[in-house]
Amino acid sequence: MSGFDSLLIPAVLFFALGVFAQLIKSDLKFPEGMGKGISLYLLMAIGLKGGAELAKADFGLAFQAIFWAFLMGLVIPLIGYALLRFRDRIDPFNAAAITAHYGSVSAATFLTAIAFLETSGIAHESYPIIMMVIMESPAIIVGLVLAMLARKKIAASKPKVAGQEAPGLDTGALLKEAFTNGSVILLMGAMVVGALASPDAMAKVYPFSNEIFMGVLCLFLLDMGIEAAKRIKSFKSAGPTLVAFGIIMPLIGGTIGVFVGITLLDLSVGGAMLVAILGSSASYIAVPPAMRYGVPEANPSFYLTLTLGVTFPFNVVIGIPMFYQMASWYSGV
Amino acid sequence: MSVVTHSEKVVQIITSSSLELKLIDTLEDIGIYGYTIFNVRGNGDSGLQDSHIEGDTNILIMIVLSSESYEAVMAALSKYKKKGHHLMAFSVNTEVLS
Amino acid sequence: MSVVTHSEKVVQIITSSSLELKLIDTLEDIGIYGYTIFNVRGNGDSGLQDSHIEGDTNILIMIVLSSESYEAVMAALSKYKKKGHHLMAFSVNTEVLS
Amino acid sequence: MSGFDSLLIPAVLFFALGVFAQLIKSDLKFPEGMGKGISLYLLMAIGLKGGAELAKADFGLAFQAIFWAFLMGLVIPLIGYALLRFRDRIDPFNAAAITAHYGSVSAATFLTAIAFLETSGIAHESYPIIMMVIMESPAIIVGLVLAMLARKKIAASKPKVAGQEAPGLDTGALLKEAFTNGSVILLMGAMVVGALASPDAMAKVYPFSNEIFMGVLCLFLLDMGIEAAKRIKSFKSAGPTLVAFGIIMPLIGGTIGVFVGITLLDLSVGGAMLVAILGSSASYIAVPPAMRYGVPEANPSFYLTLTLGVTFPFNVVIGIPMFYQMASWYSGV
Amino acid sequence: MSGFDSLLIPAVLFFALGVFAQLIKSDLKFPEGMGKGISLYLLMAIGLKGGAELAKADFGLAFQAIFWAFLMGLVIPLIGYALLRFRDRIDPFNAAAITAHYGSVSAATFLTAIAFLETSGIAHESYPIIMMVIMESPAIIVGLVLAMLARKKIAASKPKVAGQEAPGLDTGALLKEAFTNGSVILLMGAMVVGALASPDAMAKVYPFSNEIFMGVLCLFLLDMGIEAAKRIKSFKSAGPTLVAFGIIMPLIGGTIGVFVGITLLDLSVGGAMLVAILGSSASYIAVPPAMRYGVPEANPSFYLTLTLGVTFPFNVVIGIPMFYQMASWYSGV
Amino acid sequence: MSVVTHSEKVVQIITSSSLELKLIDTLEDIGIYGYTIFNVRGNGDSGLQDSHIEGDTNILIMIVLSSESYEAVMAALSKYKKKGHHLMAFSVNTEVLS
């Protein structure tokens, strides 16, 4: 499958339709709640599928996948932070909040990548699904810790005011933010259900969770296309540095993912491409609410413009076929 | 028969839905258990809040309260603002049907 | 050119959606055909109203009306309250664009 | 199937996931309207299925099922009222409103029971479906009548005020409340459609109404798990008497149901268990709005805490396997 | 299939159920957004289907179908305008706004007609689907132009006030209103996706877009039945002239459609009936927002009462079987 | 510590959702980028607005603004009304948490 063909996947075409509708200022829009509802469905479905397959997976490999996923979730946001803080271009709070999104993942991008593979008839392992679940959280912690360190530094540089307490590092709250996030719980929970339930019982759920999946994904990407295009207006206020970051960072994350997938986990080209997408994609579901509350000093407009308006379209249109090529080139297949 | 009312204040708070659980906790700490929540969309300094994903959804919390509770609520909201949270709070005098 | 407005009242009623059809009938009996309804959630003496099932869904009815209709509406709402229905009604003075 | 296995049904597991998410204070939540929408779908689907099967059912048996369902709907709330009024523990208005919920049924519990049977490969008759439709309404009437009697008694004990009319019994309004309820109309209407439409036409509707049914039920129970757990907070204000009632009453109703199913209707163990669930489950969709308007003196917080927070989880987790055991023990199979 | 049988199609029965529920003042209602969401799904599904079939269609015939559809979209609203302006019964603004709805189409009516044919096993061509897409827009332009002409005439008859500009004809805005409408874009876009995507890729989308389609349509018609019945209250304020128009106009439009289908396009009886439905049905999705903004002088209550309260039920219950009979009688089959 | 507030106006506009994009453009032309939108239902001269299809859906736009912007907004809304658009706009004085 050539790069161009990948754009003819229905899900990607619907994404393009959404962008197009918004650009010509059509009044096409989804009713409130519909996007959120579809998103719950997709997380449930992918979780069930992953759980059922992982029940029969190799424990050692699964453990390795989890380990590397966790590490990617810690390392990628640190790289991003270093880039953003280069010569103090972006203030520490915005840098911390933004980079946390890139350490986490976008389920919609991941699912589009799966649609790409399945439409092209390319095999892939199921370990990347559990990696996706794992990678939702660590970056949130990294982001919150980076912001806390910045807060401490600022507090230290100011004269102490009587009665005012120094900002502390509340580990419990930190972990709660990172692991009780709705999409983490739903994904993880659905995986457990998929692993525990009997194959017979699962067979009754599949028409809902498997068969109509691709069609629902199309509808979701249409909505996301509209939402992505709405953010394009905000490019100007975000500025060229951030927009550039929104394209450079997925290249770095995706390259790391190809390396992890091929060399460290010994996955097939399809599987490695999925890991690359985990590395390159930026969360816009789980992380924004956590950063809103945890790093109130940052501007929410920046992170949604970047993740939804820049990186998501980049990955859907360019990243997926590109990382597939990169993985097959790197693996020498 | 004339209608009997008493004077109170309506406080309305517009903010991100990400703060909902925490704000409600704060209100309950002050002793406020009566409130109404609207799911809304909006625009402002934090950019478009289109209500399509959790992170870009706004809520409006409406609280009808006495002048006494008013000060406590506004003071608590002030603290949130000082931490950098985006929230807009405003109040109006009202006559409540007794 | 200065903007022309006239003074009216905004009455807002928060109650369970189970009462919607009846309250609308009552309003129409009084001769009120203009109103706006919000789907809301809330908390109060009747417990959490989370808007997930019909029985725990709240609405807010907003009516912009003249001072004359105001008395009639409030009196009708008073009757509901006396029967034990949970509803909170409050009014604010407003300037309406003519 | 042992009692424990029944907990491994996907629908029950998703219910548990919802409860868990809420207990750890996750922000997992359904968008407004989604739960109501799914609930409409489930009523439509079960109605269509019931209608299609009842079109070929035995008229005599169907009539008997309807008769006993109606009687259960009248008797169970009277038993509940007697229990609640025992030594004046609960005031008459709250007692009337609460007991009406127990005379009616919870479609979600009923559907979970069907999921239990189908997953376990246990056969069941379709008469309980029509019984469910019938049982939605009579208890509403009982509740409204009990409240009116209490109102009369109170009015009689007070000195008459000139110009104030005594509260009357408006039979028309009563019946309207009981039979025009949205879920009654939808269930009953879908049954009629299912019975009238040709099998060919129904075959085109089945992929929607039958095949994806179990999956949608999972999503619904996830939402209901969240909602149930939210009510646990209110246990304290409801008090131990009411919480105990929320567990004792389903035991009574379920036992009556087993007797009706096995002895009076001669159903299989599977069918009798479904009748038991009709007896034991408490409505939280059709009855609350009717009681809100019809018995405004009662506290709505009590009935939702009981039906959604106590009885629903009790039935889903314990009641379903227990009444199945009870039915097979009682029938001697 | 006799006329009566056609009423036993599940979709039509659910429509009747919705009307019935509303007439007995049941509280059956759909949550906000659900109707709009289902409507998006239906447009997407029919677009995909049409696109996939048109990819293999005859180009010449498709072009003819487009041409006649466009012409119908222009001519029908002009006939309607002439009728409404007869002896100045309806003022020009309301006449323009109302007639625009009749030149456009109702996707729900069209889909019910397809359900009628498929349930009865009657074949039909796929050209009417592309005709539906084409016919959404021209009538909007006709309505806006008629209103502008009326506005000019009124302005000309008044003395000129200094500084007040005469109302102009903004062609760009006109075309934008007509062609960027959300449902036009979604339908057209989904057709393009259906035509571009590979059959393999489409096969993965079909369980969602094809198999559950008929069931979803039932749910939608239930909602539309409720909404249609709600408008019946407004008959009085609309007045007998308008209500009569709501029945006469579809008869004219449908007859034109039969002629176009059989004689000009040489379609089968099933195909011609679909064209008749395009002619007879009145839009209540795409056109109302356009008229709201473009012809603010007209009363929105009139057009929704007519299209949703009169013409939609008329077509679903009477028009579909009638035009089918008319087409087979006219074609002599 | 007393709460610090400043006086502003809350303008609320109820109209059809078909006008949303245009009204927002108009507001942005005036320089207003902060607003909150509610999805509502209603009834009035234009008939039942049930929010089930695009053409019968209402919105309420809430704008907290200074007295200076107030005149500009109301004047712009006046123009819409003069063209025949159905919109109800009203304002209330409010104290905004600074």
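Just so it is clear, A, B, C, D, E and F label the chains in written order, and each chain counts residues from 1 on its own.
One rule holds in what follows: a residue touches a chain if its C-beta (ideal position, glycine included) is under 8 Å from a C-beta of that chain, and two chains touch if they have at least 3 such contacts.
Small disclaimer: the values here were computed from a predicted structure and weren't measured.
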Third chains touching both chain F and chain A: B, E
Path length in the contact graph (chain B to chain C, fewest steps): 1
Homomeric contact chain C-chain F: same or different residue positions, threshold half: different
Pair exhibiting more inter-chain C-beta contacts, E-F or C-E: E-F
Centre-of-Cα separation between chain E and chain A, whole angstrom: 41
Distance between the centres, which are taken as Cα means, of chain F and chain B, whole angstrom: 19
Centroid distance [mean C-alpha coordinates] between chain C and chain A, Å: 44
Residues within chain E bordering two or more other chains: 25, 27, 30, 32-34, 36, 182, 207, 211-212, 289
Two or more partner chains touched - positions in chain B: 18, 38-39, 41, 45, 54, 92
Contacting chain pairs - touch in the sense defined above: A-B, A-D, A-E, A-F, B-C, B-D, B-F, C-D, C-E, C-F, D-E, E-F
Complex contact set, residues of chain E against chain F: 30, 32, 35-36, 39, 182, 223, 227, 230-231, 233-234, 237, 284-285, 287-290, 292-293, 296-297, 299-301, 304-305, 308
Residue numbers on chain B that touch chain F, as the complex places them: 14, 38, 40-45, 58, 60, 71, 74-75, 77-78, 81, 88-92
Touching residues (chain side chain C, partner chain E) in the complex: 18, 21, 39, 54
Touching residues on chain B, where the partner in the complex is chain A: 16-19, 22, 39, 41, 45-48, 50-56, 83-86
In the complex with chain B, residue positions of chain F that touch it: 1-5, 8, 10, 24, 33-39, 64, 92-97
